[in-house]
Structures are given as structure tokens and as C-alpha cells.
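Presented sequentially are two complexes of chain A, the first with chain B as partner and the second with chain C.
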Partner chain A sequence: MPQVKLFDVTKRYGKVTAVDRLSLIIEDQEMVTFLGPSGCGKTTTLRCIAGFVVPDAGHIFIGDQDVTNIPPERRDIGFVFQNFALWPHMTVYQNLAFGLRLRKLPKREIKERVHDALALVRMTGLEDRFPRQLSGGQQQRVALARALVLRPRVLLLDEPLSNLDAKLREEMRFEIRELQRQLQITAVYVTHDQAEALVLSDRIVVLNHGRIEQIGTPQEIYQRPASQFVASFIGLCSFMEAHVVESSAERVLMRTEDGLVIETMSKGLSLGQAVTLALRPEFIDVSWTKPENSQNVFQAQLVRFAYLGENLDCWLKVGKWDVRVHLPASRVQKLDQQLWVRLNPEKIIVIPTEGVLL
Partner chain B sequence: MRSGRSEVKRRWGGASKLLPLLLLFPAVSFVLVLYLYPLFSSVIRSFTLGAQSPTFANYLKAWALYKKDILFTVEVALLGTFLSIVLGLALACYARISRSRAARFVNSLSRLTIFLPYVIVGQMMRSFLAPHGFLNVILANMKVIDLNSPIQFFNIRGLLLGFLWKEVPFVSFIVLSSLQVVDERYLEAARSVGAKTRHIVLSILIPMIKPAIIVGGVLTFCTIVSTFTLPYMLVTESPTMVTVDIAHRVTYFRDYGVANALGVFLYLLAAPMAIYYLRRMVGEEIYGY
Partner chain C sequence: MGIRWQKPIFKALAIGLFVFIVVGPLSSVVLWSVAIKWYWPHVLPQEIGLAYWKQALGLQRDWAIAAVSIWDAFKNSMIVSIVATVITMALAIPAAYALAKLRLPLKAVFLLLFLMPKVFPQQPIFVNLLPVFTRWGLAGTLPGVMLIHILVCLLFGTWISTSAFKAIPESLEEAARSVGATRWQAFWRILMPLAAPGLLVSTVFVFVTSLTEFTGTFFLGLPFVTTLPMLLYSASGYNMQFASVLALVLLVPSLLFMVLTERIFRPEHLGSLGR
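Let's look at the complex of A and B:
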């Protein structure tokens, strides 16, 4: 399976730049996810790779072939659509066989390949059904089989799970990932669901306003977000604005504008530098009595909570900042409760921002 | 309280049963008086000849006098419908797939003909298709024909051209409305598996809008079968269409028996189409199959 390479791909719709000089190399057999909010350019980029949209500038390669101006029918891609797009007048068998017939394969081979593809997605026996006779999950599997039966060079998936219910979506994530590994196919997946991206991807490309905010493995994106946007988009995060007041080999101290002094382990920061501190809920220790070790310990007040079942999603006021943590439902008694939070210096994500406070 | 409610129910229950019937009455009476009564009346009169009743004499006479015209009507209707569907479909598919300004312009321009009455179309076609009309002059200038022996269009050729000029945009209009609601993703899915434009049209678009094509075909067939003006103005030789014969029988001979027999023939020609249309379309639209 080939690499997919994008060089300075740009697509504009009137005055809006949907994709802005996007460059990226997707490795052979890699599963890359485009993740971002609505309108960030992820689907447009995918459609450029598929050939449904011709970029205004830049080049797209599949393997060594420049496919920028090649129509989709000659790109040898498999595409799975958000609404599945199964042809309603054709049976499951006919949906899968259509592309094979266009390639003028012998009838016996068509039959074998359709059978194999349906077996792959566990849909054997439903060949004669029409799409309207299938459930959403089954339609999704057929759409996947239709894309795979042609043994394409690249598999492109445009939010294929967004029309399914939550439980099925979770199951299908693993199935798609397993299939991609089993077939060793290069795949590009578009989603706005961070959980999907984390489960499915070898690498995640976070997009915003048509540009790449960050590329990295799910772990890198989650643990070391490059910007406040990435930190807020992936996982739950609370933010504090601060600047560096002490920087030495042993420790770095930050001061927020309301006077909280927070120790972190980040390096390469200069005195006075403005930073954003990103705090994941799982790295904040909460206690109901003041801890003996007072390093990075601050008093907090419970201002709001939401029931999540076993845990409560809690909003704490630390100084002037809102900090979100998850607490056991049994421990939370009432609003305005006084608590203590400890911020783990090693787990505080420090994102340098523009400008230096002197 | 309970007895009060049941009292209201008792008093208004009868009215609520009558109300739907009252609401239906204008429409039903309209159909009965203006459609079914004339239909049955003409059918009965077609089997009546003076004191003889019932008789097939009118039918035998109609067949003896107008056999050629009856076959001609069937030929024009089938050929006209087939060509209207093919050309209308081609025009609509072009407009749907191309989405260019040129396609939109051609499509909008063609729509104008839908709103022209057949008498205007007939008049235009008479000047356009005359022996020394615009079309023959153009063909002569292109050295395709000699203007001294021009192509004769005042027969089935001209009639078909007239019907196509009017019906192709109509079929295209109906078909395009359905094509517009076909989700673009279906076409993209076809392209992603290697389909070219002709595959998309033949294997995806046409099967998906089959009901609209059938509607267009049925309506076109019924229009062609029942149009009087165009054959009256454009066909100057025999055979001609049955509608002209009906007018001829009534105007010159006051022969309502044969005219009604010919009319029943037109009903019989259109009825299977109407029945097929109603059975299939109503079933699909209401029950989704």
C-alpha cells in the first residue's frame, strides 16, 4: 500500500479558505485521523484526497502518482460516507459487485470477492437484502465492505460512525481498526469525536481553520498538546494564565495574575514568559483536609457539579480560575464545600503563549 | 361531569361521522358530474345507433374508416413518448451532472416551451417546417437538400417534431425535479468505485428516479394521444390522428356514434397507462413500495 502525500494543498470557497497550505505525509499502512471542529477543513481535505474536490493549489500524491487532477474514478480509492450512500435500488450483493463489474472481472471472481468482503465485515447471508432492510450498523458494514471489495490503494472514511448509536459506535471503532490492521491498508479517517480518534489512529492530525494545529500519536496529542486549542479539543482540560517567575535546573515557578505560585517541571522557558497552564482532571489530587505537603496545594471551593453516574463532574474555584475534576459521588456533600487541590508538577502541561511579561 | 361529557359526545358524535363526507362532497360531486357522467355517457352512446341498442356498428364503421388513423395515433404516441423520455432524460441528466451555467441556461430556456399552448406551437411549427420554411432553407443553404424538392414535414415527421418540442422540456422538468433530490453522495460513491458518467446515469440515476420517468412517460403519452390542435395544424395528408377524426365526424356529419367509438378507443389507449400509474405511484408514495 502506498504513502499519501499532500503538499501545500489549498482550497477556497469564495472568501473562505477551507484548507490552507496543508502539507502532510501519511505513511504506508498507517491510519491517520483528521480531527477538528466543524468547518476546520478536515472533510474538505479528505475529499481532495478522494478527488471529489479539486484543490486550488498544491499537489496530492498517492504513491508516486500525482493524482491532483485525476478524477476519483481513476484514483483507486475506497470511500466510506457518513450517510453510507448505499444505492437503495441495489441489493447488498449488487452494491458490492457494481465496482467489480465495471472492472469487467469474471462472474466467478466477482462472486468470490463479494463473499470474502461480506465475510470480513460479518455480513454473510444478507446478500439479497436491500439497504432499507438493514439496520444502521449493518448498512455501515456493507458500506465498508463496498469500499474494501475493490482492494483499494487507500481507504478514506468520512465520519462513518456518526449516524450510529453510542454503543454501536464504540464497537465499530475497534472493528474498523482491526480491519485496517488485518488488511494492512493505508487509511485516512475523519471525525470530530476525540474518543474515536484516540482509539483508531496511529497518528492524529488536529485541524483548525484549515491549518494543522498538531500532528502526533494519540499519546503525544493528549499528553503534550502544542496549543490551548488542541488541549481543549482533546480530553477535558482547565486552563490558567501565568508567567514564569523563576527558572532553574531544579524547578520552574509560575505566577498567575491573582498571585498563585505554581511549580512545574517544564524546561526551556525564559523569565517573564507568558504561558498557559493546562490541567487534566485526572492529574489533580483533591482532598477534604489540608495535605501536610503544601507544594502546589491550593484551597478550592466547589461551585457546580454534574452527575455522571459513579463520579461527579465538578467545577472548583481555585483563586479566580475554574478547575474541573472528577470526584466520587459519595464524597461530595454540598455546594460551596471547601476542598484542597494539589497540582502534580510533572503533569501540568505548560503551553508557551505569545508575548513576554517583564 | 362524566355524564356531561358523554352528553357532548352523544350530541357531536353523529356530526363528526358526517363531517368527512361533507368535506368530500364538493370534490366527489365535481368528479361525478364533470368526469364520470360524460365518460359513461359517451361509452353508452358509442354502442347506440338509432333504435339499435346495444350495437357494435359504430365500432365497425370507425375501424373500417379510420383503421390507418388509429394505428397512426398509436405509432405517434409510442414514438413521441419514447423520444420525449430519451431526450428529456438526457437533457435533465446533463443539467444535473454538469451544473455548469450553460447547462442551467439550456435547461431554463427549454422550460419556456412548457407554458406555450399547443396552438402557438402549431403555428410556429407551420412556419418553421413549411416547404420553404426556416428549416428547409437552412438545410438548402447547407447543401443538404435542394429547395426545389424540400423535405415534407407536414406528416408524422413534423408532428413528432412538434410534440418533442413541447414534451421533451416537460419530461426533463419532471425528471430533473427528482434528479435534484438524489443525494450527491450516491454519485460520489459510484465514482469512488470507478464509475464514469455514463455508468452513473445508466446504473445509478435512472434506476433511482424510475418513478419520475414513468410519470413523465404516462403524462406525455396521454397528452399526445389526446391533443387535437397539433395534428390538426401540422398533418395535411392521411393518415392523421384520431382526435382530428373525432372533430371531423362531429363537425361535418354530426355522427356522435362513431365519434364516441373513437373516443372510447382513446380512453382504452390511455387507461392502461393511468391504471399502471395509479397502482405503482400511489403504492410507492404512500407505502414506500
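Let's look at the complex of A and C:
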């Protein structure tokens, strides 16, 4: 039952508030990801949980134990570092055995557990290598094994894959997720890579300026982003500013300042309220001839595109707004091409803009 | 592409410079140490022999040759330098660790205090220390000379050791903490082995500094404590042969140390303290 609980955790560095009254409960056996841009406080929060950083205020619990002022060596955690942090003067075996030896376990048990941990990350047979004799991917596996060999209560990972090449990174995502499930370990994973977060997490915590922007499952975060920041950070998204001009039981209409009237399905909005409309590429149907049904259909102009292989990443101008869509390469002919877009009313994400009334 | 022909040229230049700076004066020192008779304008000594060496090493005693046995001074030098080095490093290593790894509120002040003796000329400091040393019964004693050597060496020792600790990524220590090592255990099992090459370099520097220390010993040790540099000083000027013998003897321990540590000597160990 080692839940991890953070209550109002705050950490300042001079004028910078790296972590700002952050509260969060991470459930037993859950894998939670801290996601956010560089400098948003992910690492600092993780290091607070590890005990490398003592928060200025707030409390941290692991299980029922208040660990706020307990040094890292007594927190029973495993930590995987971005730079692997294997001890260069020790072999793989010695790296893994170090913590077990500190616990004065019998030699035979140490041997068994090191062997098991290496098998877990598929590194059997490399016991006598030194870290410098391993590839980046192998080093990361050893680092993972070193963190797991002690069977910690919580596994903490700080951008563990960011030093690996793209292909390996993708493989390792699944492996880490698989290991976490298999070992039923509570894990906190820090990344700035949204794809990693979507694949790995039970829940994603989106951070910005040391605060939580949104907590939710990958689906919730993707489909119902709570703010423009979240919407733009996860997945591709285009935005339009608008305000509510009709809000009845049948339909809700928004009007942009350049006069586009867009129907959405969102409820609970009041007349005149300012909103941001977030559009994912897959919510937008593009046609080359004017569709018959004219609901939410707007004329658009192709202004820029980038080659992605089968698809083109396209920038359209709809009214004054930039809208990103992916189109099959075969259908795009030239720039300034006239198109029609239909914005699916059920899918448009409506984010109320706080405090602005028109 | 340019590197291909630049490299050998660099190498040749470096070697040439090395020969010019080190071997040039050294060869003349070697010549002087075996010169029995060498008058101007002769390019080479007119008469060579080992008389000065024999006399210096206590193998003969001939009043006609102006050289005394160096063994007492050699013994003093060794005792003082070894003890001073051990104590200096015992102080420098923890200080370096603290400077490199801990967040000390008064680090800047501490550093400044530390650099003070290097900014001020040393002679007035030593002269002012003399009454204090006399009161404590340290003037003209081996412990007194050791103390002054420690004061002189502590800066070098701490400086280079700090770089050795700073070169170790923070995460290596944290990784140790995360698997259950206390700060103390992490220090001994992770930081010390990794800092060892740099600390060894630091030790060599301290040892050589102490072995060749002159000013402090001159003011606070003489006339009762004579070290090799003291002998060298009194011989230089009027007795080039004996001075050359001494210079070569002084070089031996340093060279030995250099050879021992050459393989682990890396420029980053001399990196800056302020990083």
C-alpha cells in the first residue's frame, strides 16, 4: 500500500518557484507521469519525493510514513537518472550489488538477486563489464536493474530515455511499462515527451510553472484538455478565440471576432462568455469541393505544408486562424489551393477563457 | 584535414619547448655538479669528478671541498614534507568536499579568507608569526616548520582537490544515496575512489611545494632546522657545484612522484575552483 502523497509541496530557488503548492496522491501500483515543458518543475518535484531536495514547505508521505525530513537513503526508493549515473569504477555486478551489500545480505542472496534483476532487464551475462563498455541502451537497462534490485517501494524515473536514440526510446517505453506492471510497483516518471507520457501512464500530471495544470488518464488529457496549455502540449492542436452568442438546449453557437459562427456541443456556458476552441487535426474533415451540408463548414486556404511521408502536415487559413491538418500527399496540389473544412461539433474542445467577457 | 599536418608540428614544437625549458638548464646543472674546475671562457669544465657528490652524500670528508653532508637536511626535509603532506591532505580533502558538494552559506567569504595569504606578500606574515611561534615554543623546531608548511600548502591542496570532487557528477553520489548509502558511505565508496586520481595529483603538488618551501622555513626554522632548500640557498652564489648537487637531489623525489602519477595526471584536475 505505498501510496505517495504530496501536500502543498513548495520549493523555491531564489526568485524562481520551481514547485508551487503542489498536492497529489499517487495510488499504489500506479504509474504516474509528470509531463511539461523544460523548467516547469518536474525534476524538482521528483527529487523532493526522492529526498535529494528538501521542500521549503509541504509534506510528502510514502505509505503512511511522513518522509518530508527523512534522508534519501531511508526512503526505500529506486531512482533512475537521465545520465544513467552508473558508478564507472564498478562492474555491472558491483553496481547492482552495492545497495545489497550495504544491507549486509548474505553473499548467496546478493548473487541471486543481482542475477534475477539482470534477467529482468535482459542483461544476463554482462556482469563483469564496466559501464564504459556498454552502449547507452545497455547502461540504461543496468541503471533500471540497479534501481529495482532492492525492490523499492517506489520507482522514480527522471527522463530515463532522453539520452537514447529514437528507435530504442520507443522500445524501452513498452519495456518499462511492462516491468512496472509485472512488478506491481508504484512509479513516477518524468518526461517532456508527450508520446512517452501517453504510452506509459496510468495518469498524466501536466505541470506548468511548478503547478498542476491537469491530472487525468491519457485519454482524458488528450480528449478533454483543461486549458489551452494542455491542449497545445499534448497532440497537435489549433486554436480559435471566440465567444458564446447562443446557448440553448438545442445548440451552442460561438462567434469568432472575424465573424465565423461555429456550432459546438458544450454545455453550461453563459451568453457572451469568452472561450478558446481547440481543434485536433482528426476533428476536421477536409473536402476539395463545397459539401452540401453547410453546418460548421468554412472555406480555407492552404498556406504551407511539410512532407511527412504518406501524409502532409498542412497549415490552412480559416478566416484569420491557422489550422493544422494532415492530408494525404496525393491530394495536395499546390499552395493557395481552395478547400473546405468541416469542424465536427461533437469533437471541438471548448475551453472557457477565464475572466474575459465580451 | 588541417589537423593531419598540424599535429606533428605541434608535437615537435612541444617537445622542443620541453627540451629547451627543462633539459637545457638541467644539463648545465648536471655539468656543474660534476665540475671540479670550470673557468670562464671554457664551454665545458676543464676537470670533472664526483668529489662534490661524494662529499654531499657523506661518502668522504675533505676540507678542501666546500660541501657538507646533506643527510641531516635530507632527513629533515623528508620528515617535514611527509608529515606536512599527510596533515595538509587530511585537512584539504574534507574542505574540498565541502566546497565542491555542500551548499555553504558563506562559501564566498571562506574562499576569500583562503586566498588572502596568497594575495599578501608572505614575508611580512612570516615575520609577524615569529613572535607567536616563539611564544608557543614552535620557532626553530620541526613541528613549527611543519605547521608553516601546512599553512603554505593548504591552499594548493584544497584547490586541486576541490576540482577532483567537482568533476564527479552529482548524480553518482545521489545514486548511492538512493540505494541506501549514507552521505558518509557514499563519500568513501563512491566519491573517494572516483576522486583518487585528482587527489593524488593534489598530494604530489603539496609534497613538492613543501619539499621546496623556502621563505617560511627561512624565517621560522633557521638556524635550528635546516632543510634542503636552506642548504641550497646558502650554497648558491659562491658554490655552484654543491648547489647543483642539491638541486638534483631535490629533483629526485619530485621526479619519482611525477613518474608515479604521470599516467593519471589529467588537465581537468587543475580546473577552476569557482565553477
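Simple rule for what comes next: the second predicted complex is superposed on the first by the 354 of 358 C-alpha atoms of A that agree within 3 Å, B and C clash if a C-alpha of one lies under 4 Å from a C-alpha of the other, contacts with A are read in each partner's own complex, and residues count from 1 in each chain.
Operating definition for what follows: contacts are C-beta pairs under 8 Å (C-beta built on N, C-alpha and C of every residue); 3 or more make two chains touch, one makes a residue touch a chain.
Keep in mind it's a predicted model, so treat the numbers as computed, not measured.
Colleague: Which term applies to chain B and chain C once both are placed on chain A by superposition, clash or fit?
Modeller: By the criteria stated at the top, chain C and chain B clash after superposition.
Colleague: Determine, under the contact definition given at the top, whether A:Trp315 touches first (chain B), second (chain C), both, or neither.
Modeller: Once the two structures are laid over each other on A, A:Trp315 reaches no partner at all.
Colleague: Taking the superposition as given, does A:Ala85 touch the first partner, chain B, the second, chain C, both, or neither?
Modeller: The answer is both, since A:Ala85 touches chain B and chain C.
Colleague: Check the residue A:Phe7 against both partner chains and state whether it touches chain B (first), chain C (second), both, or neither.
Modeller: A:Phe7 sits against neither chain B nor chain C.
Colleague: So, A:Phe98: does it touch chain B (first), chain C (second), both, or neither?
Modeller: both
Colleague: In the overlaid three-chain picture, which partner chain does A:Phe61 touch, first (chain B) or second (chain C), both, or neither?
Modeller: So A:Phe61 meets neither chain B nor chain C here.
Colleague: Pick one for A:Glu73: touches chain B only (first), chain C only (second), both, or neither.
Modeller: both
Colleague: Applying the touch criterion given at the start, work out whether A:Ala147 contacts chain B, chain C, both or neither, answering first, second, both or neither.
Modeller: Touch partners of A:Ala147: chain B and chain C.
Colleague: Hey, what residues of chain A end up touching chain B and chain C alike?
Modeller: Touching chain B in the first complex and chain C in the second, residues 50-52, 71-74, 77-79, 81-83, 85-89, 98-99, 102-103, 146-147, 150 of chain A appear in both lists.
Colleague: Considering the complex alone, what residue numbers of chain B touch chain A?
Modeller: Those residues of chain B that touch chain A are 183, 185-186, 188-196, 199, 203-204, 207-208, 210, 288.
Colleague: Name, in rising order, each residue of chain A that touches chain B in their complex.
Modeller: 50-52, 71-74, 77-79, 81-83, 85-90, 98-99, 102-103, 132, 146-147, 150
Colleague: Within their complex, state which residues of chain C touch chain A.
Modeller: Against chain A, chain C makes touches at 169, 171-172, 174-183, 185, 189-190, 193-194.
Colleague: So in the complex, which bits of chain A are touching chain C?
Modeller: Those residues of chain A that touch chain C are 50-52, 71-74, 77-79, 81-83, 85-89, 98-99, 102-103, 146-147, 150.
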